[in-house]
Amino acid sequence: MPKKIAAFGEVMMRLQVPGHDLLSQSNMLRYSFSGTGVNMLSALANFGHTGCLISRLPHNPVGDAAAAELRGLGISTKFLQRGGDYMGMYFLENGFGVRPGRVTYTNRLESSFNTAPEGTYDYGGIAQSIAAIHFCGITLAMNDAVRSHMKALALAVKAQGGLVIFDSNYRASLWGAEGHTRAKPYYEDMLKLADIVMMTEKDALWTLGMSTDKEGRKAQLEELIPAVADEYGIKIIAGTHREIHGDNSHSLLGYIYKDQSLVFADPLRFSVYDRIGAGDAYASGIIHGELEGWPAEQTVRFAAVAGMLAHTISGDTPKASEGDILRAMTEAVGDVER
Amino acid sequence: MPKKIAAFGEVMMRLQVPGHDLLSQSNMLRYSFSGTGVNMLSALANFGHTGCLISRLPHNPVGDAAAAELRGLGISTKFLQRGGDYMGMYFLENGFGVRPGRVTYTNRLESSFNTAPEGTYDYGGIAQSIAAIHFCGITLAMNDAVRSHMKALALAVKAQGGLVIFDSNYRASLWGAEGHTRAKPYYEDMLKLADIVMMTEKDALWTLGMSTDKEGRKAQLEELIPAVADEYGIKIIAGTHREIHGDNSHSLLGYIYKDQSLVFADPLRFSVYDRIGAGDAYASGIIHGELEGWPAEQTVRFAAVAGMLAHTISGDTPKASEGDILRAMTEAVGDVER
Amino acid sequence: MPKKIAAFGEVMMRLQVPGHDLLSQSNMLRYSFSGTGVNMLSALANFGHTGCLISRLPHNPVGDAAAAELRGLGISTKFLQRGGDYMGMYFLENGFGVRPGRVTYTNRLESSFNTAPEGTYDYGGIAQSIAAIHFCGITLAMNDAVRSHMKALALAVKAQGGLVIFDSNYRASLWGAEGHTRAKPYYEDMLKLADIVMMTEKDALWTLGMSTDKEGRKAQLEELIPAVADEYGIKIIAGTHREIHGDNSHSLLGYIYKDQSLVFADPLRFSVYDRIGAGDAYASGIIHGELEGWPAEQTVRFAAVAGMLAHTISGDTPKASEGDILRAMTEAVGDVER
Amino acid sequence: MPKKIAAFGEVMMRLQVPGHDLLSQSNMLRYSFSGTGVNMLSALANFGHTGCLISRLPHNPVGDAAAAELRGLGISTKFLQRGGDYMGMYFLENGFGVRPGRVTYTNRLESSFNTAPEGTYDYGGIAQSIAAIHFCGITLAMNDAVRSHMKALALAVKAQGGLVIFDSNYRASLWGAEGHTRAKPYYEDMLKLADIVMMTEKDALWTLGMSTDKEGRKAQLEELIPAVADEYGIKIIAGTHREIHGDNSHSLLGYIYKDQSLVFADPLRFSVYDRIGAGDAYASGIIHGELEGWPAEQTVRFAAVAGMLAHTISGDTPKASEGDILRAMTEAVGDVER
Amino acid sequence: MPKKIAAFGEVMMRLQVPGHDLLSQSNMLRYSFSGTGVNMLSALANFGHTGCLISRLPHNPVGDAAAAELRGLGISTKFLQRGGDYMGMYFLENGFGVRPGRVTYTNRLESSFNTAPEGTYDYGGIAQSIAAIHFCGITLAMNDAVRSHMKALALAVKAQGGLVIFDSNYRASLWGAEGHTRAKPYYEDMLKLADIVMMTEKDALWTLGMSTDKEGRKAQLEELIPAVADEYGIKIIAGTHREIHGDNSHSLLGYIYKDQSLVFADPLRFSVYDRIGAGDAYASGIIHGELEGWPAEQTVRFAAVAGMLAHTISGDTPKASEGDILRAMTEAVGDVER
Amino acid sequence: MPKKIAAFGEVMMRLQVPGHDLLSQSNMLRYSFSGTGVNMLSALANFGHTGCLISRLPHNPVGDAAAAELRGLGISTKFLQRGGDYMGMYFLENGFGVRPGRVTYTNRLESSFNTAPEGTYDYGGIAQSIAAIHFCGITLAMNDAVRSHMKALALAVKAQGGLVIFDSNYRASLWGAEGHTRAKPYYEDMLKLADIVMMTEKDALWTLGMSTDKEGRKAQLEELIPAVADEYGIKIIAGTHREIHGDNSHSLLGYIYKDQSLVFADPLRFSVYDRIGAGDAYASGIIHGELEGWPAEQTVRFAAVAGMLAHTISGDTPKASEGDILRAMTEAVGDVER
């Protein structure tokens, strides 16, 4: 791959209570740095791609630690800016069985990323040196300045013939009251520019305001996803349906819409160790399959297993190599490898 | 609630081997402070009640650490006495799957609580300022001095029109040989004074010496619990039937007997993280329902879910709020909350 | 003591890298909750006083953990408000020997405390139930709303005949460029209201803009402190001179100005384990001495040793009891106590 | 038992990433010392036997730590030699659910054990003082010098009328290309000397080059194991069939061939905590049953439950006592024992 | 050495708060097993001797862990009895600099050791197989039953021509009010039987009630130690004078009285990591020198350095080999050895 | 700097017992990856240079973890080869005060680096893209193949006009008996090619076999270093004299010989936290000063402070920025920076 893949997004500091304790039971936190873009590029680095993060970190010890971790994950920091004062952070209390985990955010609106002024990023220079760029709906929810960087980057990449990837990732808590209505125009902007989109029927119904008579998630999906692709001119739409069980296991059904056809992966059920970031692992599988030119069937199966394996790994960032995933696609659950 | 809830009982230091190691495999212990009364008051504090522990702690660094933890749990220490030299302690080695956990006690009979002399507690003063008091069968097993404090407190509270709550909690290892026979008179004393009792058909059969022709736990329960209520004049009797499975999951069936009627909660099966103290969480749900004046059906369902959630939390003391429990009663197992 | 002592100030979450690692070397943080007011009240609780924190915490798991820790420290939370979304936080990387430690703050201006709207605190009600109130210069640096709460509380307490205590605690990084000039009017407001003040000659020179021909810190102190007391009508001014050595030891010289006379404690040199919060321990010793009516000589010696011992304890909050301090004042360094 | 049981084999240092992290995610390792012989003797010590390890450790701090751990496990170190420079080591990354664990070895061929020169062990002296000796196929894969020690010891023990036990334990990665062909003569040597052998139908098919028309593991086993016993004159052959599931559980079917009859234990399915060394626990159960003179049915059931319980314990070395195993054979899964 | 060295004494479980935290600041404890006899035998094992502990442990998981640790330390457990229910335990909070550490005991009088009934130990059989036996003044403080075992063992060993070693180790908190008066007859019993005694001039003054006109510890020592040796017929008396400084360093002056002559080691000053058990390391050096037949000068220098090095090692049990000590006696402080 | 700095050397896995425990006292190890080349490039990265490591790592999870850590340290991995099977490792037990630390190596001669076959590194291609290359005497001690890569790289860089840096770093344990004689020809080869050399008078005396009548290290240094520079045509020779004290402090005297003149830094004494790798920090300061064209006085003072600060940081790799060092050169020891 001569050209690199970029992602635009915030780096978050994850502060996780070890084990299954609550914040009021423990006195230790494990920290790491992640974010949709970070997770995506990290997963793609495991598949042999070189990714660059377009973001902004503070020039302090926290920013230094974040930059070191990004480099360690195999992500190029050459488009990474330093400035501003803060990093977005979130606390994670793991759930257990029937008890859901909890995420508590700090005030990320003042983060280095979310306060990056005009002129921070060299849209044109970046666009010239990359083959594809990834955005996500979480970033879209931040503020006008961030949305402006986002749109300018998407346009610049488009202009250079690069691929635009958009993960809808609607977070109700970020958009607030009347969120779907507020979000719609921004989502429509991105959908019109995007070649590959991660979304579900819920995005179509709630954010885009589409409707259907169908009942059941799958039937709604089968009606709405083709309609979205048609309306916004999107080449590929992919996503998952997730079901959560009381025994620490989840079920995952992956799908991809491409060339007028909606293809499903085999449904998977598996024990879950760390759920966060697993959606990004799925998306990275879709992108990898597309970049490799695989048939949709192979891509969606690869992506679903990539997503599944990400649930078995600590931290937000996926760790499975292409080989790990291919092996898990073909073999029974293995004994310890020695 | 103008008046407070009190509990009389020992504070134990729990010394837990981290993870699933045995004492002979590790070199670290995690410690916390608990006990039936502590767990109960802590759970009720999470529901918005103010509870006071009636107990006695040594005046040394271990006692200081215990008092700090009680305050942190939201328990008032105004009735807490300091004196004596020791705290009761127990070691906990977690089990895993088919391997049961193990509890090893230290010599608690010389603890500050179990050696509290006459005059330690101001029965009358306490009784005047509380609306209800909780006792348990573990305390009853200690020695004559403790039983004397227990009975005097129950009588004083009764005299002031307060509610007496008694959790049978028969521990065979504490009563020793011929234990049921030795225990019977003390249990009868408490049952006659109690308004709300936690017990099962086994207590009726083995401790109270009642008999039944029925087979099966549920049938025996349906016959014996009304008989006990009748004989001892108890308003409410509640409890659970527990079944333990080899995959780290338990089943729990909660019941409550009130107004001549035995009501069951839906049976629950769930993965277990920390089993100790979960019975106290169930009891706290029953007490909360009664204090709130809920119908028996709601109370028993709330209590069963409170008990279930306590299995998913580290440590003896329950941590779920009323909101957490109500949500778990109505919703499917949730994704991470963010 | 019939009436309680209050402190007004922010609760900060301290996120400390364990041992002597940097943030870029570790993946774990130890957390605790502190702040000048917290430290002060915690120290006074160790001396037998009851203190109440006037502050505001978010209604989320981080706020819950903070409230639990405050209760555990023996601080009454009855004046604690819940609201807003965030807590102020700081990262601490311990230094070692010649390498200084580093503190990195998160954006605390959006914290629950710093965004508390008008009407959050019941100035009059609080003032009626307390005998003394403590403020600090860090809080003064925040914003107009906080300064407004601060002044209103001071006036209300003054009106009820209570004692006003002010710790100058000038933090250059919070006041920014031209900081001393910006700070001066606010400091003068507080000094005029205060009965007991913690400050050094540097505050007089730089913030209050006073001048002296003397050279050497001690000589300047001897000239300026009486002048400040005179000008602002302050009964007691106290503080310390600190010197830092390359072998992990510090020297501390405590002083108190009272009744026209400046009294020094014996200079102390000692190995340092955790320097943060030790200034608050010194101040708590001054306040305790005053509340107990000790002569200035005893008060300043007690405070200096309280400050010294706080350097040997992990965390911001002092832990020494009155007995611990009195023993360290009179005895040689002791062997392990067993 | 007047005479002791010996085992000949390497002591390995196990370096385990805590929890479920990968080496690239953590910075801590938990270490312990194990090996087939160590595990076997440790399990037998739990059953009341005295075992001696015949091995060689370096004379450095790593060797000292290993020797201390062996003594702690109740293994006699009187036949343990010190010399050479290194210990064999392996890294263990735990798997989770569908993700298999990974073992990465260091270069063990230069270990103290694998470089023990002629004359290291006093074959005759050892043989005189032991009743049985255990070998394993992992050791057989090392080099000619080790194989020479192994054969000489087996002959010496045989000459003294002692029991020879051989665990086939074929490790493909150690034998390399054409491994089965290379291994066959060495395996045949050991099988001819052995009284008790641990093996499966795969060893018969692949290493010994036998053939069968049967399909299915069980049918092949039923044909091949008696044939092997017949051909090599082996009194007892035992082993397990294992199946691995995606929910962190395994199934285990134990069998023993003795007196012309192949007996199976009840199939067991259970949650798995630490899979490594569980095969040695099964083998120790077989040996214990034989040494105690139990009927084959009892021996194989005991061994299967011993193997099952070893999956619920951290580390390679089994920890269950005879009592623990007998209880687990007869009872339902127990509640915490207190 | 054909015959072994024995020690009679209790095994204590040490529960240490990690780092320099107090019990009220932490939630973790590190545990290990020690005691004067354990420390002594462990140190002598490091010097190549074989030692046997005469003691009694409970038959529960705590006793199992203790026995495993003893074996790991190289101590023979063949005279170790199992019975009773409890182990003595103590909590250790490390001090720092000017802040002394704190030890808090649990109720050890009900421990397995302190409740060992008559007939527990085979005095004669033990005496026949050992060359020397070690006792200490802590054990002497326990109760009549323990003192009776102690005296019977000392007499039996004496009768067999073995060496009796007694470490005075007077602990004021164990003897209580009028302690010295109560202790005197028991101390005199032991001194009359002992060949080697560890004591200081304080024991002579306070426990034995001797007097001197000399001032200063050294002058008193020079007068009193020869007098004690003379009066009780003791061959060797040794001990140390310790001084504690505020910078985490101690000074140690070792001495030995033998053949009418009092010999001092060079005074040593050194940084201290873990002070507990260091006195036992000094005593082990004296015993080792005597067993090896070294001149008094060499013995006391060896013992003093053994004591010094024990302060630099975590835990109660010394870890230095003879080689480590000889190297530290002759060389400057070394760089890391690689 | 348009061209990069390279270093040729092995990456070692450091396995450190946490705190001050011995391997026989703990069960945990902290791991990191280092080596003279790694440390050097990491320090230079902190000063703003880009460095590339020329080395070889195994293609397994250990090699993956090492590569991730190198990237995290800011070291380019573009010249890093993957192949072979093992990594060199060492265990580190920290010393304390008078007790020296201990390093125990595993068998590194079979490591991926030490078994790199001919053709592994593209000498010419590397030489063209770098401005300077660093070698060390530890690498020189390995084997002929490694020495052959080393010489070929040095010649290629020399041919391209690049700078050759050689750190003598003689390790007696690696060269074995007659080590100096064996080492001399290889050292002479490197000295003839080198522009900048790190060495002391001991290297001149013992390895190069030079002689002097002077006594005292400094006098010997002043005579021998100019002689070495003269004989081998070396532009710059630098190094340190180190003295180790019993209170966890070291003294360091840095020197540089350049332009016929030997310049000393101010002697420094400081508390030591982690001594390993500090020599590399000093060397990095010398190289940085030279690359920046600083006068010798400034360079040697910067290097000495860089070395000093590296003793205050955990791990082998230095962490101080240029700013940190400049501040420590000019200021008194600072208070915590907040």
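So that you can tell them apart, the chains are marked A, B, C, D, E and F in the order they are listed, and the count of residues begins at 1 in each.
By our rule, a contact is a pair of C-beta atoms (placed from the backbone, for glycine too) under 8 Å apart; a residue touches a chain by one contact, two chains touch by 3 or more.
Computed from a predicted model, the values in this text were never measured in an experiment.
Q: Please indicate which chain is farthest from subunit C, where distance is taken between mean Cα coordinates of the chains.
A: Between subunit C and every other chain, the largest centroid distance is to D.
Q: Of all chains present, which has the mean Cα position farthest from that of subunit F?
A: B
Q: If you average the CA atoms of subunit A and of subunit D, how many Å lie between those two points?
A: 46
Q: Please compute the C-alpha centroid of subunit B, do the same for subunit F, then give the distance between them in whole Å.
A: 63
Q: Could you pull out the residues of subunit C that touch at least 2 other chains?
A: Within subunit C, the residues that touch at least two other chains are 22, 24, 27, 68, 72, 102, 247.
Q: Touching residues of subunit A toward subunit B in the complex: what are they?
A: Touching subunit B: residues 19-22, 24-25, 90, 92, 95-103, 105, 171, 173, 242, 244-248, 275-276 of subunit A.
Q: If we count contacts the way the header does, which residues on subunit E are in touch with subunit D in the complex?
A: 68-69, 71-74
Q: How about subunit F: which of its residues touch subunit D in the complex?
A: Where subunit F meets subunit D, its residues are 15, 22-24, 27-32, 60-62, 64-65, 68, 85-87, 89, 91, 93, 102, 104, 106-107, 109-110.
Q: Sort out for me which residues of subunit C touch subunit E in the complex.
A: So the residues of subunit C touching subunit E come out as 72, 247, 249, 269-273, 308-309, 311-315, 319-320, 324, 328, 332-338.
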